[in-house]
């Protein structure tokens, strides 16, 4: 069993163990810690001087399905610089999410199912980020679909939770079906005999796909991946789902799983259908500006924290798309870094959102105020998370956004172009996100005394703070020293552009 | 038989009988009559088979394969009638009717 | 061992069961089913002992295809389905008995149950013959064995209005489709002058073949096969019959009958799809049928409340995927092209497992008299986490969630359609698959999200055999 | 002889129409027999003697009797109470007419037009009964076994389905 | 110690202090205060050491983002005269504010948070000053925004404070939006983010239009941070923070950042005449409007705030001249830092003494009760209204001179008008607050403040008067050119007009306010700050929030239905059709069957 097989199977085995009767919380935390340590091990042993985009480290493969007429399917894993970052993200958020999950006794309903689902979602994410075979790359992501559905429907908040569970599930499954069509089409057009991504890239380097097909495929991939990432206008599942899902699920989904679509765009779409990408660039720019400005403004309106955070998570996807749209080392590296940063920051925000919800239930802004006085620790941590999300220097988000802006602005000095205008729009989006996040902070933690009862709302316990501190520490470390992660991202992204350079 | 007879009139007769049978199945409500119409359709098939066999001689004789097939069809038809009538009896016992339009408890 | 012995062994088993039923005074006739299961299990093992034919000159090969993987696979499917249906039928016995009142005083209290176990065995033989039939005659007779026996089985619970109604509907529409089959076969014979598929294929491949007549015959045959597959617009019987028939029979029908029809369709479509003159039109018409089937089946299931009925619509939808694969065929395929036969095999294999799993659970619920509507499984997860978990996995597979067997089938179907560039088909399949997600998960939602309905919060007993 | 063909054809078709339009099942059954007798004659005209005889024996002899038996058993009065409903007839007729048009199209374009009746080469040494018998029990042994199974299950089924119930 | 080490220490010590307080010692507030003040003192010491070292070239840079070869951002230092002078101002004022705060915030419950904020502020400001590239400057630029948010909103339980903090941050963000755009534009024009490289490359830029845009965008950053019209609205509200914070913000840190940045990139302003003129005019308008608004304010801190705005207008005017005016602008910034810090701390002392009373009309007679405060305040005022030989006189003179020399007659004229207004409103302030009888009990009971508070005042008073002279302005040698010879040799129009303005202004105020018990003149437009706040409110409430609500509705009622609900409904409708076929009547089924056959055959034939 290779390291990565071990890594991916850990949460799945732990889930099985829980199903068979192992103590749920203990097993889940144990597995998450092990996952975290294993990812650290991988990160340390990753060779950062490795610039090949069509090759991986820690590779392992075993053929699982081979029949004439369809490409060979292998259960293959590997790490590139991008996936190192993403499994770090996954393992940190998984650990935080499991820590943030309520004790077994406090779970309303089947606590085994609760932890089991969390682990499945986490395992799916780890699998998707490490799979080097297109089939499993896709399949692992889908693994999380049903647990998410069950989690929201069973343990979610609010009267609409079942409806919400439906919305997210149908939306995502339709998105993935479209994606599936795109991916199969891609394999067919390449005439590939395997699903190994390396082979696909190699084929794309040779004959490649004709321009017309590229356009189609990229469109399918964009819509498919885009739906998973809540690209405007395929976003309406996200805000309610994140608002109503149980905290750990939101942390995992918004923080980690959502990045799958972006990873897919970088890993699959950019190297294999670059012409299609160029063809639809303007559309992508319009859509991402829709994310940033349209959804940004929409984010100002909600009257409750959870919904607002949900929308903000949609909005911030626009920046990652911008980085990808820039299609150069700076932009794409920034995008990868922002995936990490956004993952941690949104997970932290939602963890805190959950802590508030545990105490006060309804999160309508009007009910709150001055909480920083009675809940100083919560206030402080929330402040950190807020500033991280706003993109303040010192946090990883900022360190990621800067290369994105520069990447998107790169080029000659002849004047403005679509990409640059989009960047200007994105910069204005920074103002918007400051508006809504500071409003939220102001109305919850500052100002007049709250309407809610404070008697039975103690400040955060260490147990609650731990996941958030973990996340914020990650953000600060990377924010102060982005090179911690850039050392992994840079060579791989360079490799991508070495490819496209021929 | 008259050598001037061609294949088409025979096929036309069988086709018409087939259509008549189908029309009967669609038009009648009495299960028994519907069943008779189904028999007409099978018989039309038989006529077609025999006609073709007579027009495709094998070694100067009609193609007996088709005759055998007709034999099987007749057998199957008989079995079908038996089973069908048994069901009709069961239905009549419970509904006191053989009207198909009254058998509509399950829909949508 | 000669391959055609298998069916005779099955028939012999059925006869033994009838005899035992008639002459041995069994206390509990359910042991007949166990006997059947055992016998079929042995025969299933014998599948692996089949030799290539030694008597090539025997006339049997004019009617019966030499054993290949495909036919053996479908024979296996038939055997497995029958075994599982019998397993269900054991649980189902009390319901059957309550719906066929004991005839006379002094008669065996379980009178009529023996036949309920023996008839499926004969159906199994019919299905196995279908899997190998390569002659219009043998195709016709084996199809009729299966469908006439199914008529009996569907209407078996004659005091139950639903079952009787299912019997009537299947009877009339089945006979109608038989009429079309005969008429179509007659024309096919008239055009090609042969009953054997080999010569038919050769005849149809000739450029001088009259396409009007040939396509006329094809359409007539297709009507009948589409009926058997449950493909639009000849699918209308499916929901009603599925709902009305006894649950084990519904399960048997949904898998066994469909598998048999699938392989026959594959065999009969082959001459047309390989013919240079006819293939374009044949593919087009298949594509239209596939699109209609995908949409009507999957969308129809969306608002369905009765689980068996829902499975009926779902079965229509799955037929859509099968026909989609067939409609995306390109003969002669490239060396490495995906053959529809392979897709069929995988799809049916996966479909068998998950559908039977669903029906097994439904059957247990039925036997526990909890009803078969969506409401009746509310809160199942709380009452019986085991059943709920099993059902969830089966449903996920039916919906085609990756890493389940159902996904492979769907994946292959999509792959072959994409290979062929059938865009309309793909669009319909996408809509269908998406709708599938909804209605399968709807069942899951009912199990997990809703509170158990009223009093029957008790755990549901599951017998060991079913559990296995 | 052509006259005979037309006569029997007319018999077949009018018999068929009689089934469709019969007021009660008994007359429908008789119309069916007329139709089948006509068809038996057509079979014989087409040198299919055995089939013709079988047609008479099985249909006129057995099946019709079965029908009549059941009709009587079920009490004719109860059997058909209501008249045909007009919309049903219209739509059925529409489908039937369309089918006729389509079949005619096939007959016109299907390459079957104008095929003359080929002469039988010499009188057969063996009668067709013999030939068919040889085929049935020689070459066709497998289908005949299958049919046997079919008849068995049908018998079992009929017994099970129509077993008398205790009221 | 070598300059590199010094610079790193200056930068990181305050951060260390802030981090220590947040992570560890926050619960011991006095310790936090001491740590923070201690690091501020150390920063001052190191700054002085750096200054005595003179200009240097920094060699150690920390590669923050390294996407070489295309993009590399270092945390590295510029250690030229400009930076050294500025860091000296920052750290000295910073230290004094810390010192003052020890007294002022003694009883505050959020003392730890406050001092952590101060340290962070100092850290951020040092970063801006020392930055050798745009991105690094932007980083600290943003951090200054956060620090101001934390400090202005220190008393977060008060709605007004919470709002003010938010407002400051958001308005700054708007400026930063322009700033970042400007940075990006400059980057594509010159290919670098490093000041040194840009300065070399800017001459070769061909695309003049884009360059103008770039410079104006960069200037937008300064507009936000230095509170120029129209982004000046946050500054008066920022008075909601504790007074020492106001002093810090107004005197040395935040608002100065914009001017400093413009001075740092004066070569860019040189390259774009259009931008230069615009900058000068924006400064001029700010100076004028702010002075007019100051005329009618009653809150002692607000008057000072508007005076700051007005003075910033002067500085920005100077920066509009590019390198020709950069020195003058910086010179004024330098002198202004001291006298404005003095004035704010003085007002803080007054407010502290009057038990947090800020309305000047509720004071009066403080001259006798708080002599030290009064005299230091008076000296500060003198500097502000440019009484000859005080520091403010020299620096303002320098700016007006420079404007005249560069033939910026419009801004020059505005500058002169403002020179009439400033003495008027400042005299009004001093007269009302310190002279006459005490109007309230609080004012009657006011007593002189304790030494820890007045010592900084005294120190600053000295600076206010003498900072323009060479012996103190040495670090700013390039800018500091106050000498008598200069004055007499250039004695001309400017000096005359300024003096006339001074006399007229003071006399007018004296005449109007010497004995006034309430304001004899009332100009609602000025009092209401030209209703610019209302305009913003309208924008936020009606336009932005309206847009937000509208788009939400669009999202909910158009996009979601279109993307999700419509297809879903369509599917269900399709399902109904499919189910409607199932009438349950087998005859109908047969009909469909027949229809299907006919359709199929028709399709095929």
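Labels for the chains are A, B, C, D and E, by order of writing; each one numbers its residues from 1.
Assume a contact is a pair of C-beta atoms (placed from the backbone, for glycine too) under 8 Å apart; a residue touches a chain by one contact, two chains touch by 3 or more.
Predicted model, so just to flag it, every value in this text is computed and none were measured.
Of all chains in the assembly, those touching subunit B and also subunit C are D, E. By the document's definition of touch, common neighbours of subunit A and subunit C comprise E.
When chain centres are taken as C-alpha averages, the shortest distance to the whole-protein C-alpha average belongs to A. Most remote chain with respect to subunit D, judged by CA-atom centres, is E. Between B-D and B-E, more C-beta contact pairs are found at B-D. With centres taken as mean Cα positions, subunit D sits 30 Å from subunit C. For the pair subunit D and subunit E, the distance between C-alpha centroids works out to 101 Å. Each chain gets a centre from the mean of its Cα atoms; for subunit C and subunit E, those two points are 77 Å apart. Centre to centre, using the average C-alpha position, subunit A and subunit B are separated by 65 Å. Each of residues 88, 91-92, 95-96, 99, 105-106, 109, 112, 140, 143, 147, 150, 154, 157, 161, 165 in subunit D touches at least two other chains. Each of the following residues of subunit B touches two or more other chains: 18, 21-22, 25-26, 29, 35, 46, 51, 53, 55, 65, 68, 72, 76, 79-80, 83, 87-88, 90, 93, 100, 103-107. Residues of subunit A in contact with two or more other chains: 170.
Chain pairs that touch one another, listed by label: A-C, A-E, B-C, B-D, B-E, C-D, C-E, D-E. Here subunit E touches subunit D in the complex through residues 587, 591, 594-595, 597-598, 601-602, 605, going by the rule given at the top. Residues of subunit D that touch subunit B in their complex: 1-2, 5, 9, 12-13, 16-17, 19-20, 22, 25, 28-29, 32, 35-36, 39, 42-43, 45-48, 50-51, 54-55, 58-59, 62-63, 66-67, 70-71, 73-74, 78-82, 84-85, 88-89, 91-93, 95-97, 99-100, 103-104, 106-107, 112-122, 124, 128, 131-132, 135-136, 140, 143, 147, 150-151, 154-155, 157-158, 161-162, 165. By the touch criterion stated above, subunit C contacts subunit B in their complex at residues 136-137, 140-141, 144, 148, 151-152, 155, 158-159, 161-162, 164-169, 171-172, 175-176, 178-180, 182-183, 185-187, 189-190, 193-195, 239-240, 243-244, 309. Those residues of subunit B whose C-beta lies close enough to touch subunit C in the complex are 14, 18, 21-22, 25, 31, 34-35, 38, 41-42, 44-46, 48-49, 51-53, 55-56, 63, 65-66, 68-69, 72-73, 76, 79-80, 83-84, 87-88, 90-91, 93-94, 100, 103-107.
Interface of subunit E with subunit B (complex): residues 579-580, 582-587, 590-591, 594, 597.
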